[in-house]
Amino acid sequence: MDVTRRVTMRVLLLPGLAVLLFAFLYPVALTLAAPPDGDPATVARETGTLLSDPHLLPVIARSIRVAVMTTLICLLLGFPTAYLVSRAPARWSGKLLALAIFPLMLNTVVRTYGWIAVLGGNGVLSTASQALGLGRVQLLYTETAIVLGLVQLFLPLMILSSYSSLSQQDPRLEDAARGLGAGPGRVFRQVVFPLALPGALVGCTLVFAGSITAFTTPQLLGGSRERILSTLLYSRVNVSLDWPSASAVALVMTVLVLAVAALSGRLSKRGSTTS
Amino acid sequence: MILRRPLLSLLSAIAFTVMLGPVVILLGVAFTAGSTLTFPPEGLSLRWFAAAVEYRPFIDTLGTSLVVAVASTLAALVLGVPATLALQRGAVPGRAVVENLFMTPIIVPELVLGLALFQQFMVGLHITALGTLIIGHTVLLLPYAVRVVGASLALADPKLEEAARGLGAGPVRTFFTVTLPVMRPGIISATILAFITSLNNVPLSLLLTGPGVATLPVEMLNYVQSSFDPVVAAVSVILLALSVGVALLTERLVGFNKVFGR
Amino acid sequence: MTPVVRLDGVGRRFGGAKNGVAAVDGLDLTVERGSFTTLLGPSGCGKTTTLRMIAGFIRPTSGRILLEGEDATSTPPERRNIGMVFQSYALFPHMSLTDNVGFGLRARRLPSAEVRRRAGEALELVGLSHAADRKPAELSGGQQQRVALARAVAIEPSVLLLDEPLSNLDARLRVQMRRELLRVQRETGVTAVLVTHDQDEALQLSDTMVILNSGRLEQQGDPRAVFPAPANRFVAEFLGYDNFPDVPGMGPVTIRPEHVVLSAVGTGGGADGAELDGTVTDVTYQGSHCLVGVTAGSDRVTCVHPGDEFRPGDAVRVLLPRHRLVELADGAAPAGAR
Amino acid sequence: MTPVVRLDGVGRRFGGAKNGVAAVDGLDLTVERGSFTTLLGPSGCGKTTTLRMIAGFIRPTSGRILLEGEDATSTPPERRNIGMVFQSYALFPHMSLTDNVGFGLRARRLPSAEVRRRAGEALELVGLSHAADRKPAELSGGQQQRVALARAVAIEPSVLLLDEPLSNLDARLRVQMRRELLRVQRETGVTAVLVTHDQDEALQLSDTMVILNSGRLEQQGDPRAVFPAPANRFVAEFLGYDNFPDVPGMGPVTIRPEHVVLSAVGTGGGADGAELDGTVTDVTYQGSHCLVGVTAGSDRVTCVHPGDEFRPGDAVRVLLPRHRLVELADGAAPAGAR
Amino acid sequence: PTRENDTDTLVVSTFAFATEEFMQVIGEPFEEATGIEVVLDTGNNATRLTKLRINKERPDTDVVLISDYYAQIGKEMELFEKVHPTAVPAMAEIAPWAVDPDGYGPAYTFQLLGLMYRTDTVRQPPDSWDDLYESEVPGGFALPDISVSAGPMLVQATAEAYGTGPADVDTGFERLAGIGPEALQFYTRSTELTSLLERGEVAMAPGLDNFAMNAVESGQPIGFAVPDEGRVMTANTAQIVAGAPNREGAQEFVDFLLDPEVQSEVAEVIYDKPVHPDAEVTDLMTDVAGESALDPAGTGYHQGDLELIAAERTAWLDRFVEEVAR
């Protein structure tokens, strides 16, 4: 019976895998390798150009920088939030989580325009700063603005993934650590965080992937000066209609995200030689 | 809690401010009496809601968006739940690889997936725009279905299924009467996440439109390209209210902490 | 009469034929109708694996399983008519008690009135009729245990399998549930196979006890036959024969602590048996008696002593009455701590 | 000498002052330096709550807690210098044994060489030096238990709290670990408070046993004083006094099954005590003895009988020796199953 | 779903802009006049061109309304048909510049590049590109990103004003590079620009006259100035898709679009300036752009070198980011 069961189980996997292969991997691979007006050789050449052009390398660097910053800030803000929510009384934790999921429901364009109203030279922040006599602040169209917008976009994902790890943790571990003389900070750093690392890492991967591929937010908040891979991809596809070059950009983005996913998988495995 | 954990509480307060600040601004903008997207709003009125409800393209595309969101969410669950089951319970060889494979749709830029589906499906296979939209969104939502449902199934006692088999229930009956109900919280949360993700998606949908077929977010994006008044904010508030309604109902019925945690 | 269950050279390996482990190794076993059989043995000896093979959750890698005289080696579990009680209870958390208990009956497509009636009876049997509409989470551990039992017997299984059903319960409740279990088994006349590593449980419950070690059978039989005559040192240790003294002129022997007679040096004597002089090393108060550890030469002897008069350091005489000494077939290695 | 721990009218309610439950209710308790105290009682009686208040994980809602003579009612746990061993061990799964055991020392900012040395010593103490670099998941239950113990004693706590540390272990291992525990306590001289619901454990380990019921103290004292003289029916039942016969001319009395003498009708007689004629209703084989249930009039008496000659239905004479009868202060309701 | 010889419907690929009004003043009257059902496929220029390109073998679209720059790319990809003047008689009546020199679909409306500014902070209304390039702009300024039509137009306008002509790209980029670092933002949508101006984040920016119409109409302190030299415009063209399933309908539609009455309606309702001399230009249009709204070619406006931009498009993109958007 375990044999039939195993067979049944694998059969269950097939429809999903088939759709994944047929409706995702196959068309994407085909389009990346042979985009309109291009063939694998052109794409390879364009990729070479992208990776060697001294003007485009900073774009890659900025993409990575923005994604890493976004991920770190999401982790810094999201993990403690998930922790507090997971340790709050049950009747609160549900409502707090709902509040954290809320932003996922906002239209990206509108949400981003909200930021423009906050960050602009005449925006809420600047007005407040001027009222305090600190002068005009212009955060809009800077890397900071992109990071801020992306943080807002992806914080919920970080909170949700961390929460699912944290809520499964044995709360007695914290008691044990405190009983051994560790203050709240030490307990958090040495027990709570390392144990929830797998969830946090899933969150980091999702946020990193999202930040690398997000387009609307960087475009509207960063402007043309702060060009990153996704805006480069957009201009290749939507302005110059240079599809082989767009394929090259997409390939680089995909490889970056895969590398981060692999890294986080490895970290997670190393961190959790747990039961 | 707040007193005992000043630093964590501060970070979490910042997190909520960052997340919810734009919501407040959005509300302010949507209810403004003025005609520009400024904050704080210039007086209060419902005029932009009236304008939003009257604007035909939004109404027409809302229908499409809902159809796509419902169909692709269902499809993702129908494909994803059995796959999750197999991954969690089936001793699948190379499980980690397969699991990661199911996560790949979120790492490829959606613009590229959109282009690919347009080129290979709409043009190559003559599938309608609506069909291609549903296929594309299904692929995009699959990771949510597999991951979130998987998380809840991983926590359920596998002995429950053995107990059912031992009591004389065949595999199918066991699935529907025991496994599925046990996965319910995971399925509900996956449904919410997937539905919202589909309803708000722009980059994937951008190319997958056809004569008479477009999604609401794409139409909203188009709208802000040309006229920049609070109508879009009003539409967002309407969508938000709908989603919040669904979310509140879920929280009432199941509890988000159960959905995403334990 | 055909036995309800027969294992015929059943073996089960995990993890490949080459470098895998044999969890169960050539096991022959017969379970008679209406009997209460216990599988006893240390952790990891293959008890659960054996039970799961009988239930059909896993298949033997060698040998055959006969149910009601027919080869059922590859029958799926839902067609074996077997009731199973799990250590973790495995109650369906989303169903009321009635629905839990009626699950197996509905799976047999009985009319719903019939399902309700029989589920009610089964709940009655375990004294939980009043809680029929609750969900498992609203019950205490002992109550959940009883629901699991009711659910398993409601289908009138040809055999009831229980995998350490009592080990999650506290000591008092465990004793109480043992009685309950025995009562239900006697009342329904169901054939029962129970896995445990608690010798008291096995002694108290079983008609036949089966002692396993590393996937192999060590001894089997009526507890009243097995207990006084353990076949070897492994079984003896497992049954609480703590003393393996060297008695001049005899092969390997063992004796229970409660059969050792302890007296102050100089008193007593003359009884039939081996006598040793030694020193008390430790005394453990146990309420109605003390456990006294004595070192006598190279031997360590543990004795149950009704009084509390000895203290570490006292010189004592230890009597091992001849008729209490049990000769062992071998001097096999001790069971060893996990 | 100031007691290490003193509870002064300590109470703890859960869920609001109005409709909440009092888990602990006005408890006075003194733990002497170097002693081994056990808190004994049925499930839900407030043992864990008491321990967690001593450790500082929760605060009393009334009363005071003094540690080393000083009011520590609102001192956070990390400043109480208390070692705690949890039922589930609560070992840090991501740390090696050395790191687990050294955790508390690092928290005290000892130099790392010192941490390593003392963690090593603590592991040595529990015989796990060889596994110092393993992670907890690579250990058996008994070994994990020992690590938890080592971790708790490594900080040289002023008091060691143990919450049912042995109840996850199987019977054999439990007995073995009890000895281990006692040895470590004696060797280190640490003051220990252990929670259990197993009377054997309490009898065996404690200098003082404290019996709780519904958050209140029932009886307290040296096991050798408490055991032979339970103060009331609740304590008696809890300590295994299963019989509460009506003895003409006496108030409420109790007697242990092993003190009841059973004989065939017509034999024996004449001993000092109450005699009852009755019928055997059930016999439970327990290896070295049988538990025989006898109904005599309206009384049910359970007897430990060394032989196996009685069968249900036999007419027997039950002797309750006078010097074994224990008079009870009250006739309070039995502890009742959960 | 492929359409072949489908004479009952006409698929019009058009801007996702004012689609309701589009149907009201063009779509529905056309349906009434011909009995052909009009179906819109909306989206931005690039998206629609991409779809046409991929659909090239089996097109499902008949008419494409598209900006001249993308029309140029489309021509080179052979996505459009040449239009025989007899098939679209109105082509003989429209302004000569609006007729495609290579015989493809005509321009049916146009937009002028000029300087948008805040009338309150910029005291002296600008009248030359010098006001952007050679003077400090009080209140700051924005520039179009190279990805919006105004971007490449500005390069050519600058090239013409300061160099040898619209094709003197090096001069254009050089001058832009000089002011790029001072620009607050390089806008990528018209609404982004109007929003920047309305909120006073900038006081001046090169932009198209259409961007200003709403603001001027609603009385906001925003004006539009036509520079004295370097006048570049962009046109929206109507192209017939090569192999269109309903070619005749497409021809009829283009002819209909150029009809002076329709053009007047479009000007009134959609604010698009007509190319037919008989069509009525609204007062708002002349208020904003003056004489040029009536006869752009007459005031020196031209479309620049479309072939050049199309050929160099990726290079311009990168060059802009490297040299200007710094």
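Think of it as A, B, C, D and E in the order they're written, each chain with its own count starting at 1.
As a working rule, a contact is a pair of C-beta atoms (placed from the backbone, for glycine too) under 8 Å apart; a residue touches a chain by one contact, two chains touch by 3 or more.
A quick note: this is a predicted structure, and the numbers were derived from the prediction, not measured.
Least step count on the touch graph, subunit B to subunit E: 1. Taking the mean of C-alpha positions as each chain's centre, the chain lying farthest from the centre of subunit C is E. Chain pair with the most C-beta contact pairs: A-B.
Between the Cα centres of subunit A and subunit B there is a gap of 16 Å.
Centre-to-centre spacing of subunit A and subunit D amounts to 52 Å, using the average Cα coordinate of each chain.
Taking the mean of the C-alpha atoms as each chain's centre, subunit A and subunit E sit 37 Å apart. The centroid of the Cα atoms in subunit C and the matching centroid in subunit D are 25 Å apart. In subunit E, the positions touching at least two other chains are 44, 47, 50, 54, 192, 195, 199.
Residue positions of subunit B with contacts to 2 or more other chains are 37-38, 115, 119, 224. Residues 55-57, 76-84, 86, 88, 90-94, 103-104, 107-108, 151-152, 155, 161 of subunit C are the ones that touch subunit B when the two sit in their complex.
Residues 5-6, 8-10, 12-13, 15-17, 19-20, 23-28, 30-32, 35-36, 76-78, 80-81, 83-88, 90, 93-95, 97-111, 113-115, 117-118, 123-124, 148, 151-152, 155-156, 159-160, 163-164, 166-168, 184-185, 188, 202, 206, 209-210, 213, 215-216, 230, 233-234, 237, 243, 246-247, 250, 253-254, 257-258, 261, 265 of subunit A are the ones touching subunit B in the complex. Residues 157, 159-160, 162-170, 173-174, 177-178, 181-182, 184 of subunit B touch subunit C in their complex. Residues 35-38, 55-57, 115, 118-119, 123, 126, 128, 206-207, 209-212, 214, 219, 222-228 of subunit B touch subunit E in their complex.
Of all the residues in subunit B, the ones that touch subunit A in their complex are 1, 4-5, 7-9, 11-12, 14-16, 18-23, 25-26, 29, 37-40, 78-80, 82-83, 85-87, 89-92, 96, 98, 100-113, 115-117, 119-121, 135-136, 138-139, 142, 146-147, 151, 155, 171, 192-193, 196-197, 200, 202-203, 217, 220-221, 224, 232-233, 235-236, 239-240, 243-244, 247-248, 251, 255-262.
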